[in-house]
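First the structure, then my questions, so here it is.
We just call them A, B, C and D in the order they show up, numbering each chain from 1.
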């Protein structure tokens, strides 16, 4: 006798079951929401931090002084040679007069440096890097460029940033992985708990001559629906929380040191990941949870 | 008829019940462990970050230049006056010769400043602050001190640190609060799920003439034991994770920019908080969960 | 003493299970309650045990007025009753002995009393060998006997039995009934719901017949309403 | 056709419930299985439905050899049986109608068949008014009748009934038995466990008596082993 699979029936059974086991379904959805929120919030904080770090890095640079014997026009022409050096993102020419003006502005009111002759300053390039961790190598390479007399940088700061970024990245990855593992565990646990008192129901179904597949399908749909509902709820909550926290930060951050990424551009990706995770967790969790009960 | 309360009996019933409902108990303990771990890890990361920030802040300072007309010995004597200013943590005297040596070391190899006469430098104090956010006020106050000619600071950096610290602090607090709320919710949910199929058991007990208190007490003990077990397990796991992560960071952080606080001094406090939370969550959760079932 | 005065009971879905029942059972009586399936017998039992509340009428059980009993008084009222439920209601996660022990603990019995009483009652129902089994490890009839044992274990003032012999073979049924009769002779009031015509006729007791939520006959002397029998 | 050859059954805790049972029930037979509480009747039923596996001996049910049946074949074997369980086993979260519908769906019946068959069977057991109730909203006897209806609904080759009338009044019991007899006359095999001496004697059928895990008599003609009766 061939089994007839009526997916409309399975879907409607799965859907019904959600209401029949109202509290259990509610609990499962809540757990899914909680776990997605935890993971989501984390990943978003990490993405923002990463973004901030790369912003800060963009401001990391060193200075290359040009030989005093080279006239200003020729010096300016060195820009192409310098930008050709690997890992140099951009070089910015600064004349000795500009440099003097900058310096004096920084030390304004400090009588010490007043009236230093402009000749002691030299033409220079501010050189911005792609990867701050290769600062030393790049500095050496720039020194090799004909016309560059000397370079000056603060390697400790660069190194500091690299270390902090690496560590922060590692901590974030570890936390997200732990949270993911914990969340999966929590959800699996919840679904197991929620289906625990359906052991008898399943046993009765099997006694009526139902095949395993026939018993399982409604659970799959139930899981999918719960996962979807959880994912969508988590998505909107995540959005709300993100916007609120972002607003709070902007309010606090009067000097706009921190730029919070806008949510919209990430929205679709977040929703996609949430829904996919919800589906996998919901359906997979239900099926795994009832597997043992099917041995009747 | 007075009810006799035999707590030994309640305790043994609660204990038994843990094994009788083995999977449920296991699930509840796991959830408690998960939640405590999430909260604990977070709080520990936050504590470390806070500690690091205050380290960085300790290096925030400004410089007060002493009037050139004042001889060095008198200048050095101003230290007490300066340290008396509110919010000044510590003042450090630097003679003009030392200042020149420092300056030249910083700009070593830069022919620009070679041979600047030592007289252009002035005696100075490096002043360290308690609270970096009050930099401007403190600077004004120090300027009022007789003998101080001028001060010099980099207010943007100070402000930047303040903002970052505030935001990081706020984000940490928000995350910990959210995690706490989510954890409580998860645990309450779990206990409710775990006790859901004891509805009938409780109804039968009530039908036998048991009072609410008689039914409830074993649940209280069960909850306390589960909470305790969860807390202790979470504590050791937390310890292990902390040490491992700390070791990983030290390995990465070759220039020892980041100091990971040792776990031992915090251990007792962590254990205390965990056990207390475990007790409250376990016992409170059970009692709340069965409350509805008692209306029979 | 039980007194039902014009008791009505409608369930949430609108079913009128009892439509004005008047019944008085005095201390020391032995009463059979008979009637077809769905006539309202278990509903009367559930009202007496305060498991459900009446929709109308007045209800007194062993001196407690169930119309306005305070929730914290209910356990004490229940301790005057030993109830055998139609669906047994054993605690699935406790052994037979633990089920009985719990029932005694719940009313505040001392460990000493429990150690003496439990084996005695188990022997009465023929389960002395099976005290350490879980309910799921017993046959239907054995579970029913555990339910009977639990009702007896606290020596209650009154025993209420809802089909106590539905799963028992005729010999066991007779044994249990004779046991209940003996207990009644020692002063315990008995209200027994049953379908077993033979038993009802064998014991010449008061028989209350209910049909469709109304009492249709109430006579003493081993009488089982003829119109509804085979 | 059922064939038990020297069947032994020991439960996990060591209880020897069956100690070598030989029983052959041919297609179209009507067999009563009687015996005292705990004698092993339900154990035989559970073996036939493949709910438990025998510890020894050979077991054949409707052409399936249960000694080495593949797990995926079990549902198809079960579809040849309609089983009335001693503890009803209704799905608590489905209404009466849904319980029957599920049983039909599970064997692949079409919605059309279901719409025709379910009300018909409900009427047979006298529950046409209560199709939309949850099992918990029914009296004991009504739940038992739902269990009976579910066993009938798929028109199985064989009906196995474990005390199908334990919670029913004598008139209902007789009705159900007469219904089962009629079904048997249409070709369905019947195995009925019962304690009701009167019913067994009224229908002159084959009676298998079991005691203490062994078959002690197997005779045709309305016989209820005299030594164990009242």
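The working rule: a contact is a pair of C-beta atoms (placed from the backbone, for glycine too) under 8 Å apart; a residue touches a chain by one contact, two chains touch by 3 or more.
Treat the numbers as computed from the prediction; the structure is a model and nothing was measured.
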Based on the averaged CA atom positions, which chain is farthest from chain B? D
Please work out the Cα centroid separation of chain A and chain C, and write it as a whole number of Å. 66
Measuring from the mean C-alpha position of chain B to the mean C-alpha position of chain C, what distance in angstrom results? 62
Go ahead and note the Å separation of the Cα centroids belonging to chain A and chain B. 24
Where chain A touches two or more other chains at once, the residues are none
Tell me, which residues of chain C touch at least two other chains? none
Overall pattern in which the protein chains touch one another (line/ring/star/complete/other): ring
Throw together a list of every chain pair that touches. A-B, A-D, B-C, C-D
Show me the residue ranges of chain A that touch chain B in the complex, using the header's touch definition. 23-24, 27, 30-31, 34, 37-38, 41, 45, 109-110, 112-113, 120-122, 150, 152, 156, 159-160, 163-164, 166-167, 170-171, 174-175, 178-179, 182, 185-186, 189-190, 192-194, 196-197, 241, 245, 248-249, 252-255, 257-258
Quick check: in the complex, which residue numbers of chain A touch chain D? 1-4, 6, 9, 17, 20-21, 200-201, 203-212, 214, 295-296
Counting only contacts in the complex, chain D reaches chain C at residues 11, 13, 15, 34-38, 41-42, 86-87, 133, 137-142, 144-145, 162-163, 166-174, 195, 197-198, 228-230
Counting only contacts in the complex, chain C reaches chain B at residues 49, 51, 71-72, 74-76, 78-79, 81, 83, 85, 89-94, 102-103, 105-108, 150, 154
